[in-house]
Structures are given as C-alpha cells and as structure tokens.
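In the two assemblies presented below, subunit A is common to both, partnered first by subunit B and then by subunit C.
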Partner chain A sequence: MLEDFKNRNVSEDTYYKVDIEAYPVTGWDKFKRVVQRTFKGELFVGLWVVMREMIDFKIHTVQYPEEKMPIGPRYRAIHEMKRLLESNTERCIGCGLCEKICISNCIKIDTKIDQNSRKEVSEYSINLGRCIFCGYCAEVCPELAITHGGRYENASDQREHFVMYEDMLTPIDVMKANAQKEFEGFGAITPHEDERVKKTPLAY
Partner chain B sequence: MEAYLIETVIKVVVVLLIFSALAGIGTYFERKVLAFMQRRLGPMYVGPYGLLQVAADGVKLFTKEDIIPTGVVAKIFKIAPVITAATAFMAAAAIPFLPQFEIFGYTVHPIIADVNIGILYVLGVMAIGLYGPLLGGMASANKYSLISAARSAAVFISYEVVTGLSILAPIMMVGSLSLVDFNNYQVENGWIVWSQPVAFILFWIAAFAETGRTPFHLIANDHEIIDGFGTEYSGMRWGLFFIGEYANMFFISFVIPLLFLGGFGDGSVMGALALLGKVAFFFFFFLWTRAAWPDVRPDQLMWLCWKVLMPIAVINVVITGIVMM
Partner chain C sequence: MINFKINGISAQAKKGETILQVARRMGMYIPTMCYLSKANPNASCRMCIVEAKDVNGFVLSCNTPPTEGAEFFTDSPALFKERQNIMKLYNVNHPLQCGVCDKSGECELQNKTLEFGVAEQSFAVRDQARKKKKWGVHTYDPSLCILCEKCTTVCHEIVGSEALYIEVGGYKSHIDINLKNCIQCGECVSVCPVGAMASTEFKYTSNAWEMKKVPSSCAHCSSACSLNYEVKDGEIKRVTNEAEFSSLCGAGRFGFDFANNVSAKDSEAFDKAVAAFRDAKNVVFNSYITNEEAYLLNQLKQKLGFNLVNDEARAFKTFMKAFASTAGESLYSATLDDVRASDYAISVGCSIASDNPMVKFALSQAVGYKKAFVASIHPVEESAIANVISLFVKNEVGSEEAALAMIADAFVEDKSTQKEFFDSLDFGYLSGESNISEEEIAILKQKYARKKSPVLILGADVINHKSASNIGRIAGFIQKNTQFKVLVVPPVTNTFGVSLICDLDEKTAGYTVGYNVKGDFTLSAKGDGDLDMPALNSQEGTFVNIDKDLVVLNAAASYKGYELNDIASALGVKTQNVIDYTSKLGFKDVEFDDLENYYDNVGNAYRGYKIESKSTSADAKIQEVTELGEYNGSVVYDRDPISQFSPFTKDCKQIKGNLDLIGSEQFSIAAKIKSGDNVKFSVNGVEFVRHFRVDRHMKGTVAYNPVFDIDSKTSEYRYNQVKIEVING
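And now, the complex of A and B:
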C-alpha cells in the first residue's frame, strides 16, 4: 500500500512507444520506400484536412476591439474602491494596510479626522506605472474596500500613470441602481458565506 | 495596319491593367483562403470584409521610401525587379485568354500576338524571369539574398528541363507550338490530359517550381533565408517582384488548361467561362497547397527533378514517339 503512494511514475503504463521503421540501407529498400510514399496519397490527406477546415468554417478569431474574451473573476486588473451596500458610503476606513503591504510602494494614502471625529481618506493614489498587480492590497484589506477590477486596457503615453481615489470609487448612481458588482476574486470571501456563518451567542 | 497597331496597343494596355489588378486581388484571395484553412478570418478591417486591403497595401508600397543600401551594385539592384515583372507580362503576349468574339461588328482576337512558336515563347520568356531573383540576389550584398539567388538559378534551370520535356510529347501529337492550335486540336481530338496524363502531372509539378510556390518555395523561404532575394528591397521595387510572382501564377494557370484541359473549347461563351473556371481552379490550387504542404529541402528538390521527373518525362516522350509511329 505504501509502495503505491511512493510510486511517483504515475504515467508509466500510459506511455507508448512510437513505431519507427527501420531506416532503409540498400538502394532497393530506399526505392521501395520512395514508391510507397509516392502512392500512399499522404499529400491528398493534407489537402483534404485544410479543405475540410475551410468548409466547416469554424473561425476562432476574436475581433478584439469589437469582441473581447471573457476574463476570470480572479483576474487582477485596475483597482476598484467599493461602497457599503447598506449606506452607500465608502468602505475604506483609512487603515493604511494596503500602503504598508504594497511591495512596489505604489500606493500613497493620507488620512485626516473629519468633523464627526471619524478617520477619513483625504488623499489616495496608486501609481499604475509601478504597480505589479500582485493583489496583496486587495487581500490585506479588512473591509473588502480595495479590490481588483476587470479594466485591463490601460495603455498610457507615459510611465507614471496615476489613478486617484475618486476614479476608482464606485459612482454613486451605479450604487443607487444597485449595480455594484461584488468582487469574487483574490481575497474575497467565498460564495454562500452567509449560510455557513454561525451567529454569535450575543445575538440571542 | 493602323487599325492593327491601335488594336494591339489597346490589348496590351488591357492585359497589363487586368493582370496588375488581378495580382493585387490575388493577394487578397491568398490571404483569405489561407486564413479560412487555418481557422482565421484574414483581413477584415479595411473596407467590407477587408476588400480594400489591396488598395491599402498598394498605397503603402507606392509611398514607401525606395532604399538602395550601401554596398549593393546599384544599377543591377535597381533593374532586377523590373526584369521579373516585365518578363512575367511579356509571357502573356502569346496566351489566348478567351476565344475570339465580335464587338460592334469587329472581330477581336484576345491574344496579343499569335506567333507560331507560342508555347516556346511563353516558356522562354518565363525562363528569362530567372534573372530577376538571380541578379537581385547577387547584387544585394547580403548572404541570404545570395543563397536565394543560387537556389533560384538551380531550381529554374532544372525545372526548365522538366517543363520542356513534359510538353514535348503533347507538341509531337499536336504538331504545332501555337496555343491556338493546341486549343483547336483538343476540340477535334478530346482533351490532351486523357492521352498524356503523365505529361500533365509533370508540367503541373514543374509549374510550382517555375512560379516558386509552396512546396517549392525555397527561393524565398522566410524561416531560413528571410525573404531571399527580396530581403534588401523596399517599396515599389519589392512590389514589382510581388506583381511578377502573382502575374506568373495567373499566366501559368492559363497555360495549363490551354495545353491539357481543352482550353476555351469551340469558342462559345460556355467554353470561355469553362476556361476561366479552370484558371480559377489552378490558381486556387496554388493557394491550397500552400496551406497544406510543407516545403521540401533544396537537395530534395534537385533529387526530385533530376532522378524522378526528368527520367519519367524522357520515357513519356519515347513511348509517345513509339505509339505515334
């Protein structure tokens, strides 16, 4: 039993050796091979294969600017700032963890105390020229505020390309239309988490 | 006399214009057919279904800078592409493109000069086209161009032998070198392909070498010698090589049906349309093989020519002679 686990050559019995004919040595053998290959009609098999593809017309081209391939939910493109579902206010609490964890030092966050003595983000920018889209900021965020989005067409005419907090924040009209898409990718909670969470005793 | 001159000039201009345009449209079809066979779409953006891609390519070729690199033999370098294009179009002079027809009561022969050595003239002028790649490659001061020049000389000269020997047997049967006589012979005696199938296949194979198309595309193989003799060329000089290659493809596509497949038949409209259909098939076959078949090595090509095709051609001539006696 243990030997079965230790045997790592899992594909040993699925390998098969290709039949390689003996290479012709004598002139007569070479002649026979030429005749065989000439009348075997392999050239017509090739012609038929490409003609079949032309008739079937299964085109795989994606005409890019008009058509786009779907990208996975875990794709890490330009960051987004989410709003709270209940109150439509910003999720970001200005803890600064994303700035701390950022390994390419591209996040800059500044906070102040507002009139309700709550911490408020006064300045927040990401230098996309430096960002390596590792996803640490989204993973470390305790509020699921900063996430990655699906906008990957970010060509720029200069190396430093900043994206500001207001540009990343979900617009308020999108929020009111209930159209904010929750992030399913890196660092997000797993689906159906609500059903699995047990209520704390204090709720009774 | 004057009417003849005017008629000839008009015919020359018409043939030049039609086949220059066809060369452009031929590239469009080549790109589309190859794309469909490889599950792609081909050109799609310029014009509807990419139809104006030809015009865009033409604008690019005409307006590009004409670079004469230092170190090349400038005079020969400049004249080489002209040789390719000019000989390709000169070969068209003895090809009857359609049966004769009447327009406003005036009989038009759609052949520029019905010389009595028609097929010999066509093949001879096409053989002179060898000097385009040869001189262009040798004058380019580029090792890849030089390899390509050497290869083109070897391929063209070798396959001239196969072409000449393979059509010798049909010529013996017809007893004339004029392509119009070939056509008339086939109206009376049936297509030559039925009596000379070996000659037909040999000529067809040699046509691939004469036009330098896949599987005999080794004179300008991208993956080993860049663009061969065309490497140092830019702009319209390169375009002339291109037009010459495509014009050659069209003319050889005319010659094969005229020689072996009944040509335009008895001269009716149906016969003319049938000829155009056959030409379209042979042109399509050039593109089809390019999608399907790999290229052969130069030594394999020489082996095929001298050890296989030429002996078969000679045997074919001998057997035809014995049968005719």
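And now, the complex of A and C:
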C-alpha cells in the first residue's frame, strides 16, 4: 500500500492514450487532408445531430437566467446580514472584527452611540470589487450576523461595486414569515453547539 | 539603601521605595489592577501580593517597603490561585459584551482574566438597575465599573478637584460626582482600566486598533504635555496619554480638533504671501509656533530685514534677562517635578487654575504627598483652587513688585550684596499699598520653618508687569540667595522657545505680515487668513516647555497646503523640511529624528533634551520699589476659563467655556451693571463686547475677562481699569 503512495511516476500505465493521427508535414500531405475533409461529408453528420436534438426538444442545459442550479449551503457569495430570531432586530453589534480581519480591506464600518446609549452601526459597506469571498468575516463574527448568501450575480458596469448594510439585511417581511435561512457553511454553529454552551450561573 | 532579594535576585531599594517599585525598576512582573504609578497606592485590588520568606500570609507589594535582608517571591501556585480568585470576584456580573465595549480590547480586566485563566463567571449576585450617567465630557457606566478607585484617586490627588467620590453601599457601591467641582479634564477616563469611564464624544465611534498612535506634545499651554494623537483616516479621533505616569488637562485631552483642513495648494495666495514677505516692514507672530518656524522667521528677518514682532515673548525675554542678571544663571531653576516634590510653595501673579493647569496639578500633588504649604498671592481669590491653597494672600492690583520685595526681605538671609535695595524698603508704604499685612508675611515665614524644598512660582502678571525688569531682578536674587527654586510660567505654549531663538523688535509703522495674528497679509492656521498654514497638530517640530525641555511635536492631522518653509524656500532660505533646523536651534546638535519621546517602564520621561542654563554675571543691582500703580473703579483681568487658551481651543467642540465677563456682586454694583447685561469696554485699544454674569463665589472688584478669542496674547499687564458701557437691546 505504502509503495503505491510512494510511486509518484503516475504516467506509467494509468493513462489512456488518445488515438491521434500523425500531423501532415509536407505540402502534399496537407493538400490531401484538405481534400479528404471537404468531400467526406462529416459536416452533415454533425448538422444532423443538431437537427435531430432540436426537433426532439431533449434539452440538457440549464436555462440560465430563467433557471438556476441549486447552490450548496456552504457556497460563499454576496454577504447577508441576519436578524435576531427573538426580536427581529439586527444582529450586528458593530464590534468591527470583520473590518479588522478582512484581508482585502473591503469592509468599512462606522459606529456611533445611539439614543439608548448603545453602540449602533451608522455605516457599513463591502466593496465587492475587492472582496475575494474568503469567508473570514463570517467566521470571525461573534454574533453570526454577517454570513455568506447564495447571490452570486454581481456583474456591474463599474469596478467598485458596493453593497450596503440595508441591502444585505434580511427584509423584515422575510423575517416575519420565518424565512430567514441560517448559513451552514464555514464558521456557522455546529449541530452539537447546544451541548457545548456553558451557562452563566444565575444564583438567584 | 536597603538590600533584599526578589525571586532570588538581589535588589536594592531607596528609602521610601516599595517592593513593587523596585520589582518594576528591575523589569520583574507583578500583576496589579488598582495601582497607578503616579499616585499613592490604593491597595484595593490585592493583586500585587507577594510571598515573603518566613512570613505567614501574603505581603502587599504596592505599599510595603522592603526590610533589610528580606526575600520575596512574586510567583507561586498559591499566589496564582489567590490572584485567580480575585479575578473571579472582579468578574462577578461583569457584562460579557466585550464586543460593544468602548475599551475595545485595551482592557485591564480582560487581560488579567485571560492571564489567570478565568474561563467562566463562577459567582453571581442579584443584579440591580444601574443607570448610565453623563457628566459632560465623560460618561460613567456603573455596570462595567470594577471599583478600582483609580478615577477617584487621580481626581483627588493629581487634579485636586475632589469631584469624583465613591458612593459606598456594599455591592451597590458606585462612583458618583460632585459636578460643580469637576473641571472636565478627563483624567478619570484615561486611568479607567475598563470601559466604565469613557469619553462622551468618542464613545463607540472607533475601535482602539483602527487608530494610529502619533506621539506628540500638547500645543495649548507652556506645559506641552506628552500625548498621543490617535488618528483614523487622517482625522484625529481622540487623545490618549501615558496615564500611568503623566497627566493631561481638559484642553489637551479634548481640544484636538483644531487642525486646518486644507486639501489643495492655493498657489495664487502663495505668490501673494511671498510678495508680502518681500514688502513687509513687520512680521508679527504669536508663540503658538514651533522652534523651527521661529528659527525660520529669524533667518528670514536676517535676510529681508523686517521687524520680527512678538510682544509677549519679548516681555518674557526681558524678564528672563533681568532675572539672569541677579541669579547668575540664564534660566529659572525649578521644573514641574520640583513643584510636585516641594513642601512649600508661594505663587505670585499667577492665575493658577487657568494659566497652566499642570502647575495646579503639581501643587495638588505636593499638597497630597508632601503635605506642602501653598500660598497664593493674587488680587482675586480663585474658588477653583481653594482646596489646594493653604493661605490666600490678597494683594492690591499692581503691587506684585511690593509682594516680591517683601518675600525677598523675609526669606533672604544674606542681604549684603543688595544692601541699598533692602535699606530702601519702606514696609509701611509697601504694606499699605499692596494690602499685604506684615502678619501675613509672618505666617509665610513661620510655615517655612523646617521645610526642605520650597518653590516660588511666578506667573504672567509678574512677567508683564510695568516694572517687570525689577521684579525679575528680585526673583533672580531670591533664586540665588535662598533655597527657593523658582518657576516662571511662560504665558504661551512656546514663549520660552521663541524668547531663546528669536531677536525680537518693536513694531513700527508699515506693511505688516501676520502669522496667526491679524496683519495686512495674514497667514493663518485657523483658516481665516489670506494663506492657510498648518495647525500645530499637523506640524513636525519642537517646543521648549515650562520644564525647560525641548519636546517633540509630530504631525497627526493631514494637511496638504503650503507651510512657512515653502515661503522661506521661495525667498531663498532653502531646506527640504523645516525639521532640518532642529539641530541648528543653538541648544544641542541633535537631529529631529534622534529626539526621543517615550516613557520607560518605571515612568522616567525621555522627551527630547533639557536646555542647559548658562552662567551669567550676577552683579546687577535691584532698583528701589517705585510708586505702585493705582487701580480704582472697575478693573477687568484677562483670564480665560479653565481649558481655554487661544482661538485654537475656542473652536474645539468638546471644550466649553464661553466669552462671558464674570464678576462678583460687588463688581456688578460698582460698575453699575446687572447679571445678564451685554456690555462694551475697551482694553489697550481692543474693544470687547461681552455678556456679563455674576459669580456668587467671587469676591472683590476685579472681573474676569476671557481673551481666548484674541489671536495674540498681550504683553500688557493683565489688569486694566475700564469704563463699562451697557449695550442692551
């Protein structure tokens, strides 16, 4: 077994060789190939296949953009900002860790003190032109507030394509319909998380 | 010297040094929570316990001096366990939302909790509603407070305000404030190890790691305290300092937003400025300037031959020259550290609380640690320093010369060199005119007995006095012939530096270029002149401060316009950067980049270098005290509210203090004006329109007139007799 691993000369007998004719070298050989290809009628074989499939309507491609492939829960596309399940308010506490960890410096967060003298996010944007969708922001987030979503279509007519906090935030009607999806990918809580939580003692 | 051992290493302690101080000096680590190097130990946290050989139980290292031959151990499993338990108790009910704490990780509690491996809150008690409080520049969150008492300690010992106190109530204990005593200095914010005391304006706007620390010096008064500007995106967000060792007043900590935001070079205005310098007969400037730019102006003066005018620095220069002529050395002898360590202090002609807050802080520490006797000789009794002053001696306005003559007579023993002067003193006259009784001088003399380190503090009223030269000679004589150390408080940030570097002239008629002063052509760092200049927090350079130290100023706020060096280069005094002149200032041949600016592990400041005093001849004769001026009727005194110094502090968002004329009831009756009146008067040709307010704590017939909106500090005597006109409606 170990020998199999150690043998790095993988090309020896495991490769399947494609049957490729020798390339024509002389002028005469090249001329012969042109004549052969022109009068063999190969073209019509191909055209017939297309014609047959068209009439049959046996379509194998995904009809993008009308149709889309289902995307795995761990796919990392445009970020989402989640709401709290209990109160429907925003989960983001403005700690700034995502901005700090971001390796492509694309997150910008500004915070201020709000009327209830709590920390509030006043501005939050992600420059998607710079973002490399590494997922560090979602991993570092202590509140599971920023996650990756499945929206991968970010074509834009300019290089700096920003996404703002409000655009990422779960819409309130989606939230009320209980339709907010948790991110299951990197950095998300595991199914056994409840067992690992230690509670603060409440002696009274 | 006491010989003992820490962790088996032999150590030596000076008399009065504690185990903790020796350990820190030797680079050994003992954890603490409540200890503050600059203040007396609180001994409330018990983290600094150490084991002593052959002694049962633990010893508090922060307030125990070692004994000869003792052996201490700073770390052991038992000590770790004990400290861990202390941390567990500190964590009782402490909120766990570190992510939204204003401290953003610069937290002593967080550090020590992790250090001692406290992974969970193992105790809890029934919590109660704890209201967050807003006290002006600082806010207090009692639920974050760990009651280490650092804030109350600095408020009492360092600041001397006695505003903060502990409302005792077992687990309900919290900090409370006596707001009318608070001078809004923010010392409590700087020493708070957790996020309980926070700056109101800064709170939750930035995390500590987002800002770049620029070590610099404060530009507002002559203390030029060490501070760090914390910069994010080219904008100063807050000011921090080495709170463990040094202090800042409210202006330093909260008055940082005076940068001149210039985003592009205005070449048209620049060309005009160059032409203006060529035409100038006078160049007027104030002492809110770096040494390098002052040097540059002096170079330009030599090249172009204009009059270099800075009256306030010239008055200081004249005073120091007179001082040197009897003192035998060119500089006064005291520093703020000497004031801190003094046990006897007399202040003459200094409005202690507002002229230079660090002098007040230092006196407060002298009172707290050395039980110093502090006497203030001043025409107006200041309520802000009431708890620092042991004896207030009220003198008549204008009689500072008499006061100093009487002090010299009382304290100098060998009067032989100035025999004529002392023979000429007529006590009846002096006492009568100055209103200082012989009993008061007798008290001063009596309290002086057995004191070891007296200081004499002289303020702007002495420097700008009509007979300043003679006062200078008396002061120099006192320094030479008594054990008094003399501290002269320079009126403006870099008055001292300018007076040493520049050859100053009197203003003559003609075209005037003003630098931060109104002129025919004005260069202004306020952004209201003809050409923008960088403010002092966007400049590199040096100051000479009250301690005679040359201290470093670094550029923090971004500035993209022209500076004085560009104008000088266009006029033929060429160099790449203005800091190239640092080594040429005439003090020491040290390049700007080689100047140090930090505190070491035990709090020794390494800030630039000290200006050396030169010896001079000391044979000048003190003149007879001539007729003292009479000030009757309504007298106003140029005095700014605490933390206000100049037009630069005026526009700072967080510094309060308005332009009200403040006087006593007696003043209001004498001047026939009511509280709430708008009044008009003129002082030395400058017209003031002020709102009048009666302060019930004030006494006497002198009113405070704030002048921080005037761009150049006057060299005139700060008391002026005025005619006040009511302009209501």
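The rule we apply is simple: the second predicted complex is superposed on the first by the 132 of 204 C-alpha atoms of A that agree within 3 Å, B and C clash if a C-alpha of one lies under 4 Å from a C-alpha of the other, contacts with A are read in each partner's own complex, and residues count from 1 in each chain.
Here, a contact is a pair of C-beta atoms (placed from the backbone, for glycine too) under 8 Å apart; a residue touches a chain by one contact, two chains touch by 3 or more.
Just so it is clear, the structure is predicted and the values come from calculations on it, not from any experiment.
*Asks:* Should A:Ile71 be classified as contacting the first partner (subunit B), the second (subunit C), both, or neither?
*Replies:* A:Ile71 sits against neither subunit B nor subunit C.
*Asks:* By the touch definition at the top of the document, which applies to A:Gly96: first (subunit B), second (subunit C), both, or neither?
*Replies:* second
*Asks:* Classify the contacts of A:Lys112 with the two partner chains as first (subunit B alone), second (subunit C alone), both, or neither.
*Replies:* After superposing on A, A:Lys112 lies in contact with subunit C but is clear of subunit B.
*Asks:* Applying the document's definition of touching, compare subunit B and subunit C: which contacts more of subunit A?
*Replies:* Answer, by number of touched residues of subunit A: C.
*Asks:* Name the contact category of A:Phe57: first (subunit B only), second (subunit C only), both, or neither.
*Replies:* first
*Asks:* For A:Leu43 in the superposed arrangement: first (subunit B), second (subunit C), both or neither?
*Replies:* first
*Asks:* Residues on subunit A in contact with subunit B in one complex and with subunit C in the other?
*Replies:* none
*Asks:* Which positions of subunit B touch subunit A when the two form their complex?
*Replies:* The contact residues of subunit B facing subunit A are 33, 36-41, 44, 288-289, 291-293, 308.
*Asks:* What does subunit C use to touch subunit A in their complex?
*Replies:* 96-97, 99-100, 104, 120-126, 132, 139, 203-207, 209-210
*Asks:* Help me check something: in the complex, which residues belonging to subunit A touch subunit C?
*Replies:* 93-97, 99-100, 110-113, 117-120, 142-143, 198, 200-204
*Asks:* List the residues on subunit A that touch subunit B in their complex, please.
*Replies:* By the definition above, subunit A touches subunit B via 34, 43, 46-47, 49-51, 53-54, 57-61, 63.
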